[in-house]
Each structure stands twice: as C-alpha cells, then as structure tokens.
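Structures incoming, each one as structure tokens.
Two complexes are shown next, each including chain A; its partner changes from chain B in the first to chain C in the second.
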Partner chain A sequence: MKVKLFAAFRDGRFKEKEWGYFDGITVGSILEALNINKKEAGVLLVNSRHAETNYRLGKGDTLSLFPVIGGG
Partner chain B sequence: MDYTEIKFSPEELNRYNRQIIYQDWGVEGQQKVRQATVFIAGAGGLGAPVSIYLAVAGVGRLRICDNGTVERSNLNRQILYTDEDLHQLKVVSAQKNLKKLNPHLEIDCFSETISRDTIDRLAGNADIIVDCLDNFETRYILNEYAVRKKLPLVHAGIEGLTGQLTFIHPPHTPCLRCIIPEAPTSKIFPVIGVTPGIIGCLEGNEVLKYLIGIGSNLKGFLLIWNGNDTDFYRIEVAKDPNCLVCGQRANAV
Partner chain C sequence: MPDKIYRINMTDLKVTNEEVPEQWKGLGGRGLTSTIVAQEVKPTCHPLGKYNKLIIAPGLLTGTAAVNSGRLSAGAKSPLTGTIKESNAGGTAAQFFARLGIKALIIEGLPQKDTFYSLHVDKSGVTIQEDTEFAGKGNYEVMQMVQKKYGEKIGILSIGPAGEMRMAAANISVKDPDGTIRSLGRGGLGAVMGSKKIKFITIDDTDGPGVQIADPEKFKTASRTFAKGVIAHPVSGESLKLYGTDVLVNILNEAGGLPTENFRYGQFPGHEKISGETVYETILSRKGNPSHICHRGCVIRCSQVYNDKNGNYVTSGFEYETIWGFGANCNIDDLDIIAEADHVMDDVGVDSIETGVAMGVAMEAGIIPFGDGAGVLRLLKEIGTGTPLGRILGSGAEGVGKTYGITRVPVVKGQGLSAYDPRSIKGMGITYATSTMGSDHTAGYCVPVNILNVGGFVDPLKKEGQVELSRRLQIGTALLDSTGLCLFVAFSVLDNLDLFQAMMDMINAKYGLSMTIDNGRALGRKILRTEHEFNLAAGFTNKDDRLPEFFEEPVPPHNAVWDFTDEEIDSFWNF
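Right, the complex of A and B next:
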C-alpha cells in the first residue's frame, strides 16, 4: 500500500511512502497517524478516486492526500 | 446570455479572426463576450492570466479588484506586471497593461478590500465572478454573494505545483461552503509560476465557455492539478443539505 502527499502535506513528512498494511486500515487512521487534521485534508483519493475518511483500504491501494489549497 | 447585435470594425474582426472562425464561437460568440461584464476578484497569480486572456478574447468590461501593490516577489508568477510596475497599485498597472493588450477593453479598477459591505458595489452588474483570491475568508464573501444573486462563480486555488478549480452556479451546484466548509489557515504559500498560469487559463476557459454558451462547465466537480506528476483528477462534489450558505439552514444564519 502506498501513501502520496502533496503540497504543504509534504512539509516535515514525505512525498511518497510504502505504508504497512493491516486489515481494517482506513483513510482516517492514516490521517491520524500523519497528524493531519481532517479539516485541512481537502481531497482524499484512493487509486485516483475520491474516498471518505472511513474508507477501508486494500493492500494494493494508493492513497493520495491533497490539502485545501488557498493560494492565488 | 442575451445579447444585442454589435457591428465590429474591420480591425476588430481581424483581431478576433482566429476565434471567430472556430465553429462554436463565430461573430455571435464575439458579440456575447463583448457585451459581458466579468468581475475578477484578485489581480495576482491567478488574476494575471485570467485578465490577460479575457482581455485578448474581447470581453467588453472587466471589473478588477485588488488592494495590493506590485512587489518584486510577485514577479515569478504575476505575468501582468514587470519591474516598471514595482510599488504601483496592482489595479492601476493591470489597467495600463491590459489596455496595451486590447485597447477596446473597458476596465473598472478598485483598489479596495472585498467585504460584505462592499461586494455588491464592487461586483456591480457582473455576469460572472472569477475567484483569483489568496484567502478563504474573502472567497466565502464572494460565495455568499454568488448564492444570493444566483451568479456563476469560478473558484480556483493554487499552491506549489498543485491547483484546484470548480464552477459554482447557485442554486444548481454545490457552493464553495459545501465543498470546503472551513477555511484553512492563511499563510505565505510557495508557488511555481506555471501553476497559476495553468489554473488561471482554465478559469478563463470556464468564463468564456459560459459567456458564449459552448461546451460544458465544471459544475459539480472539483478539478485537481497535480503538477508534480502531471496529473489531473476530477472529483465529484455534492451539495450539502446542511450548508450554512446554500442549504436548508441557510436562512437561520
């Protein structure tokens, strides 16, 4: 399972990482492990499709996390 | 949009020839953009490409609002300005430089802060609003105005090599509060100049399509640009029935 971070989510974290899979792991639990506030998480994609925080991930999934983007 | 027939000069027909010969545009499309008024909120990274492309396309009137001055650190991305414009009011430089690109353009400039007290006057009789802002507090004011007036609002945001875009048209689509209910913290954000270039061009495209009535707009979808891996993601977004701005609870606020 892979986790990809974008924009400010990379600060002090990583760009892309293999993530240890376990049965029942959700998008929300990864946000928590990364210390990312749900309010700051603008777009959550699993295999390029929008997912909610309670989405249960599979072994081969790629989770991409984008922050809310406020610049102009 | 409704329009009345305008006679273009030979110079204008020549200027706009390459778009007029596009089958869905034609002289009729040119008349529609000429009679349109577009409110551009913000004349920075996004506002530069938006205003440039709307100006050269022949939009009749731009209302541009930004309370800033041109700083050297703007010049990596705000392509409407040069070193000659440093320390000038952005809207004054924008007006001067846009008129060079298209002298037929009418521009109303406002070096003011957008607030709930000023938004009606600043937006005036605009047919469509373009969000080129750099903070969500002011975006929410634009959004409330768009919902109240049932006006289309093109929203975009950028940071680094990432951008987002959606076309809001109350009451038919989710409003900005439905999609992003809470504002992220305002800050100085990193940005690579091409990012507002790409996203600003997409905003301009949404505006022109809406004015002319061609193609479809990005209603009910949030487009994400991941410039790092050169990917676009199109994510469906839905109206929030409990939205404080456009939902059932809106009148209670």
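Right, the complex of A and C next:
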C-alpha cells in the first residue's frame, strides 16, 4: 500500500511512502497516524477516486491526501 | 460627477464623451461589455472589419476599497471563435479608469491610413496620436519605453507583434504594479485592437474625480465582511498565496484528469517536476516571490515572480493553465523552458492557453516531436517574427489542425480546451460545450465541486448533476465577471450566502441600490442570455455546443468517455 502527500501536508512529513497494510485499515486511521485533522483534509483519493474517511483500503491501494487547495 | 463613456472613432479619429444611458448604469465589466457588443455590433460582421467594436470596462466595484476588485474587462466579437467575447485581467488600468470616472471606452471604426496610433486617457479625456515609434516591438519593450516617457505609475494596455499582425490568438497586455505583464488573454482581442491600429493605450489617473460611494458606512461594513470571508477561506487565504494556481497539477494528475500529450492520457509521468510544490521551492531557492499581486487590493496573491537559475526575472503570473499547456500537454517536464515560453508569449502577445493547445496540435502534426522544449521556444519566436508557420501557430489550435489535416484538435467553437479533461471531469465538458465564449474553463469552473471538494461534491466521472452545476456556475460567474472581482473570490463566495450578500451589499452601497442575491443571479442569467442571443444571431446553433468527436475515445486511467447526448447538453439553456 502506498500513501502520497501533497502541498502543505508534506511539511515535516514525506512525499510518498510504502504503508504497512493490515486488515480493516481505513483512510481515517492513516489520517490519524499522520496527525492530520479530518477537517484539514480537503481531498482523499484512493486509486484516483474520491473516498471518505471510513473507506476500507485494500492491499495494493494508493492513497493520495491533499489539504484544502484550489487554483484555476 | 457622473461616470462617462468615451467613444473613440478610429475612422475619423474623433473622440466623443457621452452620458451613461440609463440601462447601462447598473452594469460593469463583462455585463457592460457584452451588453454594448450585443447592442452595437452587427453579429454577422467580420471581427477584424469596420463593424466590430472593442469595449474596455472596469467592473462595478473597481476602484473601491473592496478587496480583489481591480479586474478590467474587454469585449468584442472574437476573431478566434466568431462568438461574443469577454476577457478580463488584473493590472493597474482598471482602477485608473474607475478613478477617472470612466465607465467604458468604446473603440470603433477602422483607420484609413496604414499606420499605428496610441490613445492617452487622463482627466481631460481621451486623445488619439499617430505613434509609429513602437510598431513591431514586443510588449516588454513597449512597457519599459512608455514608462520612461510617462513615469512608472502610468497605466498601460498594449499589443505585441501578434496583435499588430492580427493573429487570432493575440492578446492585450496590461501593466501590473511592478511594470510586468498581465493579459486580457482569450479570444484574440489583441487582433481586434491591432485591426484598429492601436499599439498601446496609456492611462493617467492624476486628479481624476475618484470613485463615489452612495453610502460609505454601509460600504465599509459590507467590504469588511467580504474581506474577512475571503481571507478566512483556506483556498483564497492560504493555498493560492503559497503554491499559486499550479498547485492543481498534482491533484489533477492523481485524479486522472490532467490532459497529457494532446488529450491522449489523463496522467503525466513528469507531473512532480512541473507541480505547484516544485514551483514554490524553485521560486524560494532563486529568491523570487511566491506571493505576488496583479493589482493593489488583492489579498489572495496567487501570482508570483519566477526567476532563472541566476536569479534574474523570467516571468510572473505563471499560471497552472500555461504550465499545463506546455508541460503535460506537450510532454515537457522542464519548468525553466515553460517559464521561458511564458515570457516569450507575453512579449509577442499571444494567449498562453490557446498557444499551448496549438503547440500540442503542432506536435500531433509532427512539426516538432512531443517533448521538444527547444523546438517550442523556436516556434514561439516565429510567431513574433511572423513567418508563415508562426502565423499558423498564432491563429490558434483550430488553424493548426486544419492546416495539417489533424482530427485530434481539442477546441469548441474554435477555442482551445484547457487543463481539465472533459471525459474525466464531466462538469468541465459541459462548460466547454456550452460557454458563450467558446471553450472557456473560467466561464463555469466546475473543478472545485468535481475535484476539490470545495462548495460541495459532484462525482466527476458521472453525468448526474453536471449540467445543473455548470449552469449554476456560469450564471454566478457572469455576475462575478461584472463586479471587477477576481474569480478566485468565488471559492469562498459562491457557496457562502453571507459573503454573496456582502458582495451584493457592496454594489448596493456604491450605487444606492437594493439588490438581493436573487437579483444578482437574475443579472447573471440576463448576461448569459444576451451573449447567447448574439451568438445565435451570428449564425451559431445548438449543434455548435459540442465537443470534438475524438473525445469518444476512452482516456486512461479511468477509461472515461464523453457520453452526454445532444439533448442533455442542450438542456443547459433551460433557464
């Protein structure tokens, strides 16, 4: 399983990391482990699809986490 | 003193000054330029001929203390699309016009003599001079030389060689507070200015009558609420200031909607190298400025100053769209080449979105291979020198595609799509298809709701809700583009009714009106309808509201296709 971080989430953390999988692991539990408040998390993508914090991840999944960002 | 309209007739080189007619009084920016074009320009006219008019107007709130309110609109019939066109930009000119009490310039007719002119606007009015000194020169040199003559504070609008040669992708440059360049980019308005033989316009607001506010106390309260709301939002208060608009590269890539290699793929392997995060680090390490403003009063600061390896200025206003157009779209992962391309385009005076899309089509045609950065810079310079190939590129993506017999040409109504694949971000597809401007992402920007989870969420890969979303945003944007406010206030305003009301209250306090949010939306609808009717009268039909057929091909990683029926698209206009 892979976790990718973007924009200010990278500060003091990492860009990309292999993440130890365990049965029942959710997006929310990874946020917690990373000390990221649910409110700060703007976009959560699992394999390029939008997901909620209670989403149960699979072994080969890629989770991408973004703070609230915008452009145009 | 009531606001004025200046009518500049380039046929007999005369200027008249007119009272603002009653029905134009509550209009500004896009609402005003589109209303004047619809009333005064023959819809079937040639965009570069004697019947077209170039309208320049500050927004309703421009010149006031409202944050981010210094946008300038320009409108005409577009030589690129043949539709009505409004394009807006920051820079200093809009606030100067407002402080001079100028509601709009209407530039009409065509000079009989083959020469160039300049216009000078100040408190005593508008004067026309024959001025050939700067003909053929790039925008940067024009800006510098004009400032030498009139002082650093002078407001400037100018066209580069592309505008002089009346290329359909030519833009109008606007000087920003640091003497660098913002652009009235889309739709070839630089060619309209070039057809009227105006190389540049100077604006001096010294001793102008200033901006009148009907109810200053009410204005203060509303503008404070508004400013607080804009700053409090994480996008307008934080993200844009650090990473600029280019923060979108990585998220669009992760979501599979970053058009790559002329819309062949939805993800770009070199995304990290051209991302907002990398731009930010690069700017800091080269002592540039990540948080620059395009006009006084901007609190969002999405612009930046990007320097080269030696710390010398290359470009500012280095936008996501440009970085996408020459980056992912052309398979180039070198920011320095893209920044240099941006500089050349500002100087030559072409729209960086249209030119990026045209370059992708040129690569499709094999003129240069995908990924050839040096080739891109060489071709951009050819636009400035006006070689036959340069002129083809300067005519936009559709022109390149036709010339080389290419079917993969991402345009709607002759204007290039931008940095969001319509198959995997379907709301944007509806906006591209239906916008009165030809394909234009800003006209109804669905990305916050489709991708960013800002202002709600509508699944980007499903058709449900996209037509309604695009319609709601196109109506809101038509209103916003009339206020003079930067579109980036929309992140906080369009989904926050208190801020929306504060925006209406600022307009009310300035003009002594009492418009509600519903009145504001009604104005947005009216502007869209006015533009749509102009397009119908120009010969467009619902059959023009369609994406090119190659979007039937699936785009990875989602293998999404463009699957809206004609009826579904046409239902956009049911309002």
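Just so we're on the same page, the second predicted complex is superposed on the first by the 69 of 72 C-alpha atoms of A that agree within 3 Å, B and C clash if a C-alpha of one lies under 4 Å from a C-alpha of the other, contacts with A are read in each partner's own complex, and residues count from 1 in each chain.
FYI, a contact is a pair of C-beta atoms (placed from the backbone, for glycine too) under 8 Å apart; a residue touches a chain by one contact, two chains touch by 3 or more.
Here the structure is a predicted model, which means the values were calculated and not measured.
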Taking the superposition as given, does A:Leu45 touch the first partner, chain B, the second, chain C, both, or neither? both
In the superposed arrangement, which partner chain does A:Ala33 touch: chain B (first), chain C (second), both, or neither? neither
Is A:Gly71 touching anything from chain B or chain C once the two structures are fitted on A? First, second, both or neither. both
So chain A touches chain B in one structure and chain C in the other; where do those two contact lists coincide? 6-8, 15, 42-43, 45, 48, 50, 64, 66-72
Of chain B, residues touching chain A in the complex: 42, 44-47, 131-136, 156-164, 180, 182-184, 186, 189, 191, 196, 222, 224, 226, 228, 231, 233, 235-236
Okay, in this complex, where on chain A does chain B touch? 6-8, 15, 39-40, 42-43, 45, 48, 50, 64, 66-72
Residue set of chain A touching chain C in the complex reads 4, 6-8, 10, 15, 42-43, 45, 48-50, 64, 66-72
Could you pull out which chain C residues touch chain A in their complex? 234-236, 238-240, 242-248, 250-251, 254-256, 272, 276-277, 302, 320, 441-442, 445, 447-448, 451-454, 457, 459, 461, 487-488, 491, 557-558
